[in-house]
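Same chain, two partners: chain A is paired with chain B first, then with chain C.
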Partner chain A sequence: MKVEITTQKFGAGSILLIKGDVDMNSSPDVRSSLDEIFKQGGAKALLINLSGVRYMDSSGIATLVEAMQNCMKQGMKLRLVELSPPVRDVFELARLSSIFEIFANTGEAQAGL
Partner chain B sequence: MAEDRRRKTDMTRNETGPVTLIVPSHPKYLYVVRSALYPILTDAGFGRKDARRIILAVDEACSNIIKHAYEGDPTKSITMTVAEDADRFIVRLRDYGKKADPAKIAPRDLANIRPGGLGTLFIGAAFDTVTYDTNQEQGTLLTLEKKKQRVNV
Partner chain C sequence: MENTNNIERLSQKVKRLHTLIEVNEIISSSLEIDTILENVMTISKKVMNADASSLMRIDEKTNELIYQVAQGSVGEKLKKEVRLKMGQGIAGTVAEEGKPLLLEDAYTHPKFFRGNDEATGYRTKSMITVPLKVGNRVTGVAQVINRLDGKPFDQDDLELFISLSSMAAIALENAKMHQKILDKQRLVKDMEFARTVQESFLPQQAPDVKSYRFSAHYTPALEVGGDFYDFIYLDQNRTGIVIGDVSGKGVPAALYMAKLGSDMRTLAFTERVPAQALMKLNDLLAGRSRRGMFATLLYIELDASTGTMTLSNAGHLPPIIKKADGSLVKLETAGGAPLGMLPGMKLFQEEAKLEPGDTVILYTDGIVEAMNAKEELYGYERFETLLKKSGPGPSALKEAIIADVNRFTGLSPQHDDMTLVCFGAAK
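After this line comes the complex of A and B, so read on.
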């Protein structure tokens, strides 16, 4: 099962749109896309839209935690957008909902950046 | 004859399966494991949320086998056997790699925010009993059991 990753630019930074299953097989692809964004640098924010994620395991969570750590190092804001029900459930299990900034839609996530 | 028929009927009522699936130890086959489990779980009466958590746990256990028992070698195999009776849903995962060391397997402290270490937590959250049997000539037999009366929708 492939994961589809699309990167878009907006005024304050980048939006990463992930669709499909994020598991041990596809997490390296997500990590590579994130690394590209971090290499470019200079952005104020990174938004990750998870509305199309049908499945996420601990490797996907680890990838997001790494992204959060990289954003902190680069002084970027990380905002997660539109968590799908399976992602919300994994966040609940791992008690991560209070660790990340989570927004209902892209418009709200972009506000104030 | 009548007794045989009665015994068969009792078996049908009390036990379903087992369903056995053998997949290569490559992460791309985790999707196959997840896809096979979902209809079995819904057929067993689990709601969507419980089914998702059980699938996540089995996926994590298979990922651990690939990472730790086979140390990333994609040419080995994982055998998943799924069975159920009136009270329990049982998943057995058999590998033929490095034996698991149950003493070293523990969920991480959730207050410690770092990448990794959540798989064991997810397995413990989904199943009531987790047993690592290393008394095999080779590898480990992991048995995961969930009581059916604890189903949440």
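After this line comes the complex of A and C, so read on.
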């Protein structure tokens, strides 16, 4: 399964919804969708919904890390939303929860923005 | 009279057909593009009864036309000095539009550039310009100028020159493809070489530490990889043991790993304790971060005089100890997230005691996530079952793990780098 990416707008910025496998082959697609958002600029926050991600490898994580670093440069908040079980396992093993802000659902992630 | 004309036309057609066959033979005789095109244009000039002929290629870097072949009294001058942009002059127009153009008198065409004639003293009259095409893509243009009998070129000439030019286009494409194959072959050789260079970064022999044994295995999924391990001699009692995994695969991961490995070596000596070394390393990596690349890394300082290990784990898979009694302990050690993501990140460390007969197993995800043809993962369950029944000792354990993973994956291609380090205190 290839990756499917949709972007939605909300008051404080954008929500990126990723479905499928985020690996070495599909990460460049995620990266270019993120680039579009960063090019537009001016937003307060970027939410990435990972509920539909079946598999994520280290290239996928690197794409999220780059998004986090770009958000920091632009003064935006990056919030990861609804980690699917496979993504949660990867995050737990690599101890990534101290690096990213993670929320259970979009409502909680949008609160206080 | 009519018969004579017909016979003359027929014999001319036969002659032209012969020329096409001859050109075809030239094209298939060699891959030396300069010689082929020079010969094709020599024959074209002769059979078209033309005073000059030329062939221009599109320089893909600048999208300009440059002379590849220029035959005639001013050919050499043209080759050295002239470059045309798309749409510039007759050749540029034909290249842009992709359609052949027959001109009885070039000076009547608004795009004709007289500058070359003025500079060289040549007088261009009739000319045919044909695009060299591969499918719909134009790769150059071919041109013949001035019939030697003084008459303008006609439709028969145009048809023949289109045929000749289509052959030249094929020759040009063949040569390009050939060059691409050569480039690819060189790249394969370079990668094989890079692999041997990368292998030289790995420890060439196991450390010589009294009453301890070390054994390691490394196979990248591609020619080069981002996994690594190292043994660092700190002093007669202390040995640094490193295992790590850079995000991604192949060349970018290998380059990152090369720098990371040498930085780690330096910091192992300059920093007092493992967590401190990893925090410094994290700041170095985060400071030069590109494309979110990062590395998981586990650093252990082993003091052979006391059997104490000081461990700091930056997001790497937990080490497993196979105790002397055969039981397994997974060390969910202190540490933190992987290196290179966030500057200023705090990392922690803790101590563990190694008893005689214990073996420590360090590994990367290429081992536990090895995949078979049914896309099943090797997984922790198989790994731990095997660890329980194999050994004793680092070397036997390592051999058993690699053999079991290879048996499990069978002929499936290896999809990630695999690294394994086993060490322990002799009984």
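Quick note on the criterion: the second predicted complex is superposed on the first by the 113 of 113 C-alpha atoms of A that agree within 3 Å, B and C clash if a C-alpha of one lies under 4 Å from a C-alpha of the other, contacts with A are read in each partner's own complex, and residues count from 1 in each chain.
The rule is short, and it goes like this: a contact is a pair of C-beta atoms (placed from the backbone, for glycine too) under 8 Å apart; a residue touches a chain by one contact, two chains touch by 3 or more.
Worth saying up front: this structure is predicted, and the values here are computed from it rather than measured.
Partners chain B and chain C, brought together by superposition on chain A, clash.
When the two structures are aligned on the shared chain, A:Ser98 is found in touch with chain C, with no touch to chain B. With both structures placed on the common chain, the touch criterion links A:Thr63 to chain B and to chain C. Judged by the touch definition given at the top, the superposed model places A:Thr7 against neither chain B nor chain C. By the touch criterion stated above, A:Pro86 is placed in contact with chain B alone, chain C being left untouched. Once the two complexes are laid over each other on the shared chain, residue contacts for A:Met24 go to chain B and to chain C alike. Under the contact criterion defined above, the residues of chain A that touch both chain B in one complex and chain C in the other are 24, 58-59, 61-63, 65-66, 69, 93-95, 99. Interface of chain B with chain A (complex): residues 26-28, 30-31, 34, 49, 52-53, 55-56, 59-60, 63, 66-67, 110, 113-119, 121-122, 125. Only residues 24, 31, 58-59, 61-69, 93-96, 98-99 of chain A touch chain C when the two sit together in their complex. On the side of chain A, the complex with chain B involves touching residues 1, 21, 23-25, 55, 57-59, 61-63, 65-66, 69, 86, 89-90, 93-95, 99.
Across the complex, chain A is touched by residues 245-249, 289, 291-294, 296, 315, 317, 335-338, 340-342, 345 of chain C.
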